[in-house]
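A short worksheet on the structure shown next.
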Amino acid sequence: MKKAIVIFLLAVFGFFLAVTFLDPDFEAERNHNGVKNFYLDKTVSQLKTANTVTAIVVNFRGFDTLGEVTVLFLAATALGSILFKKRHHIGDRTVLMPASSIVSAGSKLIFPAIILLGAYVFIHGHLTPGGGFQGGTIIATGFLLMLIAYRDFSISHNVLSVIESFAGIGFVTFGLLGFMNGGTFLQNFMGTGVLNDLISGGVIPVIYILVGFKVAAELTGLIYTILHEKG
Amino acid sequence: MDTTELIRIGVYGTSILLILIGLYAVLTKRSLIKIIIGLSIIDGGIHLLLIGIGYIKDGTAPIFSPGSENAVARMVDPVPQALVLTAIVIGFGVTAVALSLVIRLYRHHNTLKIDEIKNLKW
Amino acid sequence: METILTIFIIFIAGATGTYFLGKLSGILRSVIFITTLLVTSWLFFTAVSPDVIIEFEIMGILMSWGLTPLAYVFAIIVFGLAIIIGIYAIKAMEGQRSLNFFFANFLLSVMAMFGILISNDLISFFIFWEIMSWSSYFMVVLNHKDVQRSGITYIIFCVIGAYAMMMAIMIIYSYSGSVMIGDFISNFHAFSLGMKWLLPILLLIGFASKAALMPLHVWAPGAYSNSPMSYTALFSGALSKMGVYGMVIVMIMIVQQIPDGYWIKEVIAWLGGITSAIGTLWAIKQDDAKRMLAYSSVAQLGYIIVGVAIGTPLAMMSGLFLAVMHGIFKSTLFMVVGAIERQTGTSNFTEVTGLIRKMPWTFLAALMSIIALAGIPPLGGFIGKWMLYESLMGSNHYLLIIVIFFSSTAAFLYCYKFLFGFFLGQEEKEWSHVKEAPAMMVVPMIIMAILTFVLGVFPGLILKPINDGMQFLGYVSTDNRFWEMSTIFNDWGNQVVMEPIVYTIFAIFLFFLIFLTLKGYKNTRYVTTKDISSSGEIPREDENLTFITGFMQPFFRAVAPVMKRQIDKYYTSFGKGLEALFDFTRRIYTGNGQTYALYFVIFVILLLMFRDSLF
Amino acid sequence: MNYLLFIIGFLLLVLIGTAVYAVRQRDLLYAVIATGVISLALTALFLVLQAPDVALTEAAIGVALTTIIFIITIRNTVRYEDEKDKK
Amino acid sequence: MVGSPVLLIAIPLLAAFLIPLFGMVWKESVRIVPGLVLAYLTYLSASLYIEVINTDTIVEIIAGWRPPWGINLVFSPLTGFLTTIMTFMGFIVWLYSYRFKRNVEFEAAKKYFIFLMLLVAGSVGIVITGDIFNQFVFIEIVGISAYALTAFYTGRDSAEAAFKYLIMGSLSASALLIAIIIIYSQLGTLNMAEIAANIDNMNPYYRIIAMIFFIIGIGVEAEIFPLNGWAPDAYTEAPGPVGGAFSGIVAKAGIYAMVRMMFTLFDIAGPMKILIVIGLITLIVAETSALRQEKLKRMLAYSSIGQMGLVLVAFGMGTKAGVFAALFLMLNHAITKPMLFLSGSFLTFNTTEKYIKQITGMAKKMPVVSIIFVLGALAITGFPPFSGFWSKMAFLSAAADENLLFIMATILIISIFEVVYYFRVINRLFFFEYDDKISVEPHKPGFNGMIALFVLAFIVLMIGFYPSSVTGFIDLAADDLLNTHQYIDKVLQLGQTIIQ
């Protein structure tokens, strides 16, 4: 009965959504240009950043990214707070089964490669697809792999916390430096170099690398926390 | 109906369906984990919708490789991509918090059925 | 500095001082308390004159304070009662709880009443009205007795009245751009017909709730009987008169201007009449003196409202005069009950008997006030009632006269009950240790008793300010037939037959009093109240056989159908029903997160469906 | 051009199919893995729709991390939606 | 130039990242640093606000791109007014909870203060940002801090409350994203001023659909009726001061986002039926539900929701007077409700259930806190001469101007219920005997908490006796909200005059 009602309601809702989005008018009346072309132009001409998405994420809408990093930071902190127990058993990961030796050995082999890949992705964030978030996440998956493969693999929470804090402070500080040098928060105050060079885009790669560190540390910490959780 | 039109309708339609399927899970499934799965399906649908908005006919990725500086007109809209990037990360954060809450709830109630977890009411 | 402002500052300083310095010493508290009352009264009577007007602006609304002649009449009641009751309270409250709070709050109440009277605009009127409401509320619950029931009932009716008033005030402000009472009266004709009916009715609901007019009177018994008696004296004597004050303004200045507004007057007059009848009936039935006096207050306010509602010059005069008199004698009676309760520990008629010899001065005060209350000449009550009857006759309200006559006759019953129950009757061993109340309590009572007499014989004393007030209301002041009664201060009329009659009656009364007392001393055979050996029935141990028990049973059998339909019961069941309904509706918050998500979807769909009508 | 249409159509069908499977499957572990498959399909779709950055993110976060924390949660709580589903 | 609006966001974020580092060195710093930051924010906000009032709206652009391309922050008389209240209340809540979990759990305390600070920063961000997607990000920041604060106590039910909040929060975030998608696809911009300038070119159908999704997207934070199921639970289960922060800060940000959307983004002139209807239903349902509550905080929570409904009704009138009344109500509520929450949580300190009956007769043991509670109750029920009276009066006067007699009557009748349940609590507190069996052990309030309460009480009395001290500010704020064209002009044209 409940399901029938829900399905009916969803059908009505879906109808409205479909009427909205599938209507040809929705395409016809769209403003296709808006801010898009401006961003594409300025990315090449002023920021000298190949990857427009990176330019938007770090520069044009860098404030969003600051918020986003904060959300991750909050999520990691919240996880610790929510799962907080008086007595904390470190290194007691009974959640997952012990890994077979193939997995362990393979993990050890693949771990440096993953870290390298992650670093590559966020260092080249302004040139190729990817960037701080993606690279950071990839590094975090590397640590995840090690955590699963080796039951006694442990990372110091303090180290993670320090990395995380320094990266975050770096982000805000660069924003504030822009504030002092260029007049606005997150202003690109460094020389932008030549398009498609590794050292180009001014402050963008620096910030994205900081974001990468921060995301990597946060996600690793987050997984570490939840992995140590016993039911 | 040309190809772009078909892609558009397909992508929009699928995202709407994903949203509805996710909502169905949120509204009818009793397991907390199922509800969170539903929420992440909704998120997926919305991300797809957002990417679909930015897509244009025969578009290319908004990345300038050497020699492609004049391809601006054919590039897809980068703004929705940036938004989705942010939204995915935020969605992950919320999901992580939700799952940790689930673990807490299980610790106290020893069940994951949402209709058995209602000590706070009225 | 403006005197009015000074008075306010003294009141606030006094209240603060009473509260905080009172923690140091009780004497200091009493001194500050009395000084505040005396200084403010002195300032008021000497330095406040009707032509001083203070104007100021708050949030862009022009407000103004100034004394009108009508308000002066009520201010006399307020300050007079406040001083006398204040002196009484110091001794009477001794040993009770929260004394600092009591005295500070007492001052706040008096300040609020003063504020109401000097407000020339509706906003400050309302502000002081609400201060009066909450400060009196805290007094009602101060005794920790029946708090959740009588206290909440009181505050509900307070806010019903206040909110009705506030709604009217805000409509007036937004329609005419001014909150001055004077402007409202002079611009009233410009309102639309609907508003002409709505506004006075809302205002009347507001005032009637304080004056305990019939459908809004249910708070009164609980509130009057549960607050400390020292405050009830002020509560019933002065505070309820603020409702009357408002009604006078509305009935005379506003309702006059409504086409067919005649009907409002009739309805209010009838409500007043019915209130007095019902209040009297319930008063007779009570066994507790406080509740009896509370119902009696309701009934007496009914008379006053009848007078005000009829609105002929004589009726208005009678209403105002009764208001003053009621303030005096009802406060005295409450003080008497307070004294008895303090000395004996109870205020129940059926328990206390024969106090006449233990507390003679208290008895004297009670007797005088009862006589005034019952409307027996020569005390003040008689004059007011006489005028009321005459005005009702003059305006052809014959049916109403029957109602009033019924209730004022029936009032004798409870008057008798009061006197007999407490003072007369046999003495019980249980009460043999009872002593007269301390002088600081007796003296104020006696002063009040004397005042009832003085005003009965020389009504001109108070009729002069009343006359000024009525001129302010637009009455022409020479209804000669009427002034003839007051002869000593013979400013208006001729020498009259009234004087010898008054003195004769007074002489007879005095003789009777002496006779009674002497007789009581000589010819009493002392048996206990439980002793009815002569009647042949064997009473059970637990049966209380005082005369007061089962008082007037046959009478109540006769009026039972009327009394069965007790209005509080309807209110109670309405309130219970509402609470049950809300208990049901709040189940909409089921506690299930999924249901909330469902609400979310339903809400979206509703918005989508009704988008045309909602946006 | 038609092969692009074909790929997109296929991925969309996979998406819907997996989503329905994920919602209907009573074994939460399978449901979670189906969610991972949804993310995978989304990744491919993003790639096709010329959003490589998003695709990378979705791959790393949606496929890997989200799935793993879901699995950890399931290991910490219960595997089945209902007790009676346990075989 | 004392600073710039962006510091209102940047400083707390910087501090949030710094606190873990400081905590390693000096443990007490995790309590002190947030306080210093919140105090600085209050100072910054207030001085910027004064500057804005004396000169002109500050439009701050970020990353050097002027609107509509970059994100911009708008610090106008309206946003400055709200920001100042929020940061100030944040500081008060910090002051109150300074000794929170002292000597118990360092880690827990650290996280608590980080969440609290970011809750304030996120709310401030919601208010001052000029970009809808940025607003979404800030709503998420507020959301996650709020979930974490709700689930902060490790008791049984707090996770439940947080989970309900999270479900509703996620759904609303999705709705908000859909609204953003529609807006972006149709207008090609995310900047509020640009949207407002071009909204007339939008197909009316999409406009309404976008508006609906906005309403439900923000409605969860703004606690409107069918979306507020989480609120009573979250207020009840969160630590005492957090309830105050929710009602004094978060709900205000939600309401602001909603009215900014209605007034500026969609530029609706005149009465908004939707706000009036939603507000009235919210008010009625919440106040009647509060009537029979047994738990103190839950009762306060329902009362808070009800007040939000009242604010929405006032905004819905769409006139100057209505907006004035709404902002005045918001100000009073932002001060009074935290006062009630804070003093209430002192009163029920030594109990886990927080039943109203457990504070029976507490006035004998904790007189000052009780008096402050009563002051708050009288103020919120609109008794003169306390602050709530003036805002209620402004509200009724605005409604009378629009001839909305029915609404006036409804609200006054509902207020009677409010009076009843508050006075029941007052009675229990003051006019019942203290009873060892049911009453809780009194708690000796800390010095810091008492200062916080005294400051709030002073403000309530100040506004009560001298409302003109704030009405001028509110008047400017109301003008600012109503003048959409000025907003658009300031952001789009004057955006070039970048502040240095």
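Each chain gets a letter, A, B, C, D and E, in the order it is written, and its residues are counted from 1.
Throughout what follows, a residue touches a chain if its C-beta (ideal position, glycine included) is under 8 Å from a C-beta of that chain, and two chains touch if they have at least 3 such contacts.
Not measured: the values here are computed from a predicted model.
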**Prompt:** Which chains contact both chain A and chain C?
**Reply:** B, E
**Request:** State which chains count as neighbours of chain C and simultaneously of chain D.
**Result:** A, B
**Least hop count linking chain D to chain E through chains in contact** = 2
**Prompt:** Between chain pairs A-B and A-D, which one is joined by a greater number of C-beta pairs in contact?
**Reply:** A-B
**Prompt:** Whose C-alpha centre lies nearest the centre of all protein C-alpha atoms?
**Reply:** E
**Message:** With centres defined by CA atoms only, which chain is the most remote from chain C?
**Reply:** D
**Interchain centroid distance [CA atoms averaged], chain B/chain C, Å** = 69
**Geometric centre distance via CA averages, chain E-chain A, whole Å** = 30
**Prompt:** How many Å are there between the centre of chain B and the centre of chain D, using C-alpha atoms for each centre?
**Reply:** 11
**Asked** Any idea how many Å lie between the Cα centroids of chain B and chain E?
**Response** 29
**Prompt:** Out of chain D, which residues touch more than one other chain, so two or more?
**Reply:** 52-54, 57, 61, 65, 69, 72-73, 76-77
**Fill in**
Where chain C touches two or more other chains simultaneously, the residues are 586, 589-591, 593-594, 597-598, 601-602, 604, 608
**Prompt:** Which parts of chain B, given as residue numbers and ranges, touch two or more other chains?
**Reply:** 13, 17, 19, 23-24, 26-28, 30, 35, 49, 61-63, 79, 81, 85-86, 89-90, 92-94, 96-97, 99, 101-104, 106, 117-120, 122
**Item:** Full enumeration of touching chain pairs
**Value:** A-B, A-C, A-D, A-E, B-C, B-D, B-E, C-E
**Request:** Would you pull the chain E residues touching chain A in the complex into a rising list?
**Result:** 4, 6, 9-10, 13-14, 16-18, 20-21, 24, 60-65, 68-71, 105, 107-108, 111-112, 114-115, 118, 125, 129, 131, 133-134, 137-138, 140-141, 144-145, 147-148, 151-152, 154, 159, 162, 182, 184-190, 198, 201-203, 205-206, 209, 498-500
**Fill in**
The chain B residues in contact with chain A across the complex are 8-9, 12-13, 16-17, 19-20, 23-24, 27-28, 49, 56, 61-66, 69, 72, 75, 77-79, 81-82, 85-86, 89-90, 92-94, 96-97, 99-101, 103-104, 106-107
**Asked** In the complex of these two chains, what residues of chain D are touching chain A?
**Response** 52-57, 60-61, 64-65, 68-69, 72-73, 75-77
**Prompt:** Contact residues on chain B for chain E in the complex?
**Reply:** 19, 26, 32, 35, 39, 42-43, 46, 49-50, 53, 79-80, 83, 86-87, 90, 93-94, 97-98, 101-102, 104-105, 108-109, 117-120, 122
**Request:** Write out the stretch or stretches of chain A touching chain E in their complex.
**Result:** 16, 20, 25-26, 29-36, 38-39, 42, 59-64, 66-68, 70-71, 73-75, 77-78, 80-82, 84-85, 158, 161-162, 164-166, 168-169, 172-173, 175-176, 178-179, 182-188
